[in-house]
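Following are the structures in question.
In the two complexes that follow, subunit A is the common piece, with subunit B as its partner first and subunit C second.
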Partner chain A sequence: MDQSGEYRIPAERADVWRALNDPDTLKRCIDGCQSMERRPDGGFAAVVKARVGPVRAVFNAALDLADINPPESYTINVAVKGGPAGFARGSAAVTLAAQGEETMLRYAASANIGGKLAQIGSRLIDGAARKMADDFFKAFHAEMSGRTPNPAPRPQDDGRAAVPINIQVNT
Partner chain B sequence: MYQFNYAKPATVAEAATLYANAEDPVFLSGGQTLIPTLRQRLAAPTDVIDLSGIGELSGIAVGDGKVTVGAFTRHCAVAESAEVQAAIPALADLAGRIGDAQVRNCGTIGGSVANSDPAADYPAAVVALGATVRTDKRSISGDDFFRDLFETALEPGEIITSIEFPIPDRAAYRKFPNPASRYAVVGVMVADFGGNVRVGVTGAGPCAFRARTIEDMLNANLSTSALDGVEVPDAGFNNDLHASAEYRAHLVKVMARRAVSDLLGA
Partner chain C sequence: MSEGTGIGASVKRREDVRFLTGSGTYTDDLNQPGQTYGVFLRSPHARARIGAIDASEALALDGVLAVYTGQDSAADGLGDLPCGWLVKSKDGSDMVSAPRPPLAVTQVNYVGEPYGLVVGETLAAAQQGAELVMTDFTELNPVVDPASAADSETIHEGLDSNVVYDWGLGDEEATDAALAGAAHVTQLDLSNNRLIPNAIEPRAAIGVYEAASGDYTLYATTQNPHLERLVLAAFVQVAPEHKLRVVAPDVGGGFGSKIFIYPEETIVLWAAGKLGRPIKWTAHRYESFLADAHGRDHITHAQLGLDRDGRFVALKVSTTANIGAYLSTFGSSVPTFLYGTLLAGQYKTPNIYVETLGVYTNTCPVDAYRGAGRPEATFVVERMVETAARELGRDPAELRRLNMIQPEDFPYETPVALVYDTGDYEASLDKALELADYGGFEARRRESAAAGKRRGVGFACYIEACGIAPSQLAISLGAGVGLYESGEIRINPTGSVSVFTGAHSHGQGHETTFAQVVSDKLGIPFDDIEIVHGDSGRMEFGLGTYGSRSLAVGGSALIVAADKIIAKGKKIAAHMMETTDDNVDFEDGTFSSGNQQATIQEVAFASYVPADYPEDLEPGLSEKAFYDPKNFTYPAGTHIAEVEVDEETGEVDLVSFVAVDDFGEIINPMIVDGQVHGGLAQGAGQALMEHGRYDDYGQLQTGSYMDYCMPRADDLPDFVVDTTVTACTHNPLGVKGCGEAGAIGSPAAIINAISDALDGHNIAMPATSEQVWRALGGK
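This part shows the complex of A and B:
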């Protein structure tokens, strides 16, 4: 499964970069995240209780960062163990482009899912992944909006908290 | 399955109390989604509260220009109901096309609607017929009920008691079923209320929705040719191994045309 998207974040690139590397910010923006800790080697260890319809499973995720090029880009490699529910492995290439006082965040992710999660969820995995990404960036957008002093009003901020400009899911 | 506490209350109030006092509870209706999920260990609730013992949740009543279906009414009962067949034949037809006989003998309308599976059939009828979802706390308009993938306006612990469908002059439902599961890859219901046409779509997006552009075209001219030039953007549509977003957008047009054709009796 491949998925990509882009989001306009109302904050300067250096602030967005810092936030994306801050475990507390990440924890607040991931729905169901029970813990997010930075490991000594620079990666993160996360525990997330995912809720998608009838599925409610706790997943342990290890996030490793590679190709780190601050404050412009990195690649996140994610390995997820869901206990009996299954497993997932994926990576996302994230780039930040400064646009005045704002930042355009783009990501391109690919993932492989196995175990029972894949068997029962194959019909729904793509929609669920897209929703989770969307929920994360909505929360991240709100988080960054709160930090920006004097955010310039923009035409696309017409009362909607998040501005997903484009999300693509390809199987 | 993991171990859990099981309760089978006799009233809605008792079910709500059990839910409020449990650590991580879940309601069991027909079980066509929940039981496979539990068996696969994809959910581990502490308490399963079985709604099958609540008599007040079952039954079908027709009157005052509407069909009221109790939340625990099984799909087969709606499909076989002479009253529903007479009042809203499209609704009985829809129920008779859900899944297979085993699913229809167990699955319930309340469970289907509360789950808001993006490919479930009933949500198309809730939206197209402008139904009202009654719960133990309030009434929710069908237009406001479905929010997102598996997300509805229901609060945690809120129980659907019945669904009221206004009786249209005529309606038709057509779907493109997945050949294995019979889930709707795309399903469209078109309903005509005295010249006011409503169109509900399931399967295409994260949840059921009204196709307002198609409604406008059919309100101007209720015919299949009215949809000749219709554009259905695929933005936000489901994209999975069964069908691409673009293909689903195309199916919306095709199913809408077929439903209009059925509705006109052509």
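This part shows the complex of A and C:
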């Protein structure tokens, strides 16, 4: 599965970079995240309760960062284990481009899934991954706007800033 | 249709009353006092080393009773699951068996392979426990593609390669020479798609151990309870045979997939002994997809040589068969002896050579699935013949007719080890041509064309070897067991009859058909006869049901037992009539001598109340018999499919299907029609929809009904089914078997029809609308 996307974040690049490396921010922005800890080696260990179609499970994720080039780009390598629910493994190349006081975040990710996730969820995984990304950036956008995430857009909220500008999914 | 309840009558299936009213008793319907529930730990990886298994959190959970791993079962001395048929390579060497422990110990080799069992007080507790078991896997490179498996990294440690065997049958030199001298040679690359069985009832098992007696009982969804008992006792050594009872209650479909001795049933029984409490396991549908033995999965190159007149001079077939990660119970025999031996088809091809390279891959084991080797053989032969006809501009029906074995040729010895006893292939062909209105096809083709559709017609003149199997022949070819069947007829003192058969009914209707046979033979009312099957504790022995064998072999055993009943009855009647038994006749349930008569019920009563009784005769009227067939039976027939193809979408509409089969004598025409209908639907599924697919990492991509497409009623035409009859020459009923024919002939007929609509394009199965659309040039 390959997926890429672009998001405009209403914050300066250095702040976005900092937030993306802050476990507490990440935890708040990931739906179902039960814990997010920074490991001594710089990576993260996360526990996330998630659902892909009929597969519901608590997933243990190990995130390793590579090609770190602050505050511009890095690569996240992810290994996710869900016990009987299966596993996923992938990487995402993330770049941050300063655009005035805002930041354009682009990512290109690829992943393989296995076990029950692949067997039952393969047809649903793309949609689920896109939704997880959307939910994350919606929350992240809200976080960076200094607001708490609120799924119901208020009238003055144009409601679209957090919506992906461009997402491509290739399987 | 004959009236009544005897042979030839379309008696409604008596078992359907309970099946259709929800009152059948399936394994999952049974419950035992103190029963617990098992959930299997299954590999998420296609190939990986098993590291530490941490079950501490699971065991701490309320309601989790035990977690058993492959280490535990190995330490307890549980044996590996054996393959029951030893196939030898061309060079005489034995096939290479990779050890298959019931629970993987050091390495998992396909997604879904069980490596542990979590047992809970409730199913929920066991499921929760299974989610808490943490297993360290070290992933290894999987081998998924059978075409390159022989040259890929060796899957199993300790083996030299992934080649299971390199098997051959026939005269290669003569075949090559005949091909070299042929006026025309047709060549095709063919594949036979992997199928996933999908019985409506998933596999299930309940293991029971009684400490006081040391007795084990396994309730399980098996097509052959005695074979299960034999293997579990002799090879896996869960319990000795006399301390183990295997019960297969109502079983909701098998199609071969419930023949095999699987890890799960084995482990449930063993673990029940360890735990000292009954354990139930019922497969979730996703487990069925992953871990029920799959079917087919061949890659083939074939050459058919013809002389100037269109006579077949040689057929050479080279097949790579995907065995899966391990040799399943009969996995070795399906792509060899059940496949290569059928490549003569209905034709007098004088030179045939077949070779099969069996290879291990990191996929679910592959074994017999309805037809088992014979659909694959029919697909090769009939695709080749149809293609040759097209290439030579010959009518496909007439080219077949020219090459058919004629009635005067029987018994006919093929170049691939079989002797066909009887048949009249042209009779089936002619009847099918008439029923399909073949003469009107060109007009229908024009009509379809006027409506913007491409119409095609396709044939399959199939043959199958059924009534499996003559024991000596099977054992000489590598079978590990005899393939006779047992039967017992007990006439009770009051005249009702209990019939015990080693065959097993899981949809075939034996409770009706076998009662018709016994009723007809003994002249006892149908309603007074009960058929008992599926319990090693109630019948002496049996080899079960597969290979369209039940009536030809199991039914014949009942005829032999009935003959013994009649012979003993004559002695008792002779005593009653003060004559000798050679002066007593038996007809329609009555013994007679001169003007004296006694019904079989009266004779039975006299045998149990022997007040005035022959001195040299034992009381009672109960007889057992074993029947070992003298040959295979050879059902054969012609199937004709017509399709319409939508040029815009590539969608295939199967508009008509005619099946004319020669099953020999027929006991119950309605049940035979039903068997044919079901087989045709499965064959249509293979031809048009079904495909078990793994990705490059060995993950099953078709693991649910979202991705694995099964045929539904509205995908299928109103089948036209009919029969011709040449009686089998070597069994007492003259029957051949009808269980698999539908699935054997139909894929080839349907693909030939689509190929015809596509101007001869060699379309692969399944011919989905996407495949057909691409073949039409869609991009």
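Just so we're on the same page, the second predicted complex is superposed on the first by the 153 of 171 C-alpha atoms of A that agree within 3 Å, B and C clash if a C-alpha of one lies under 4 Å from a C-alpha of the other, contacts with A are read in each partner's own complex, and residues count from 1 in each chain.
Heads up, the rule we're going with is that contacts are C-beta pairs under 8 Å (C-beta built on N, C-alpha and C of every residue); 3 or more make two chains touch, one makes a residue touch a chain.
The shown structure was predicted, so the numbers you read here are calculated from the model rather than taken from an experiment.
Peer 1: Mind working out whether A:N69 is in touch with subunit B, subunit C, both or neither, as first, second, both or neither?
Peer 2: Neither partner.
Peer 1: Applying the document's definition of touch, where does A:A118 land relative to subunit B and subunit C: first, second, both, or neither?
Peer 2: second
Peer 1: Between subunit B and subunit C, whom does A:V52 touch in the aligned arrangement: first, second, both, or neither?
Peer 2: Touch status of A:V52: first partner only.
Peer 1: Of subunit B and subunit C, which one touches more of subunit A's residues?
Peer 2: More residues of subunit A are touched by B.
Peer 1: Name the contact category of A:Q99: first (subunit B only), second (subunit C only), both, or neither.
Peer 2: neither
Peer 1: First (subunit B), second (subunit C), both or neither: which does A:K131 touch?
Peer 2: After superposing on A, A:K131 lies in contact with subunit B but is clear of subunit C.
Peer 1: Regarding the shared-chain residue A:Q34, is it in contact with subunit B (first), subunit C (second), both, or neither?
Peer 2: It touches nothing on subunit B or subunit C.
Peer 1: Quick check on the output: what are the common subunit A residues between the subunit B footprint and the subunit C footprint?
Peer 2: Residues common to the subunit A contacts of subunit C and of subunit B are 57, 83-85, 116, 119-120, 122-123, listed in rising order.
Peer 1: Where on subunit C does subunit A make contact in their complex?
Peer 2: Going through subunit C, the ones touching subunit A are 41-42, 44-46, 111, 130-134, 286, 289-290, 695, 697, 699-701, 703-704, 706-707.
Peer 1: Which residues of subunit A touch subunit C in their complex?
Peer 2: 57-58, 83-87, 112-116, 118-120, 122-123
Peer 1: In the complex formed with subunit A, which residues of subunit B make contact?
Peer 2: Its residues touching subunit A are 33-34, 36-37, 40-45, 115-119, 148-150, 181, 183, 206, 236, 238-242, 245.
Peer 1: Give the list of subunit A residues in touch with subunit B in this complex.
Peer 2: Per the stated touch rule, the residues are 52-57, 83-85, 116-117, 119-128, 131, 167, 169-171.
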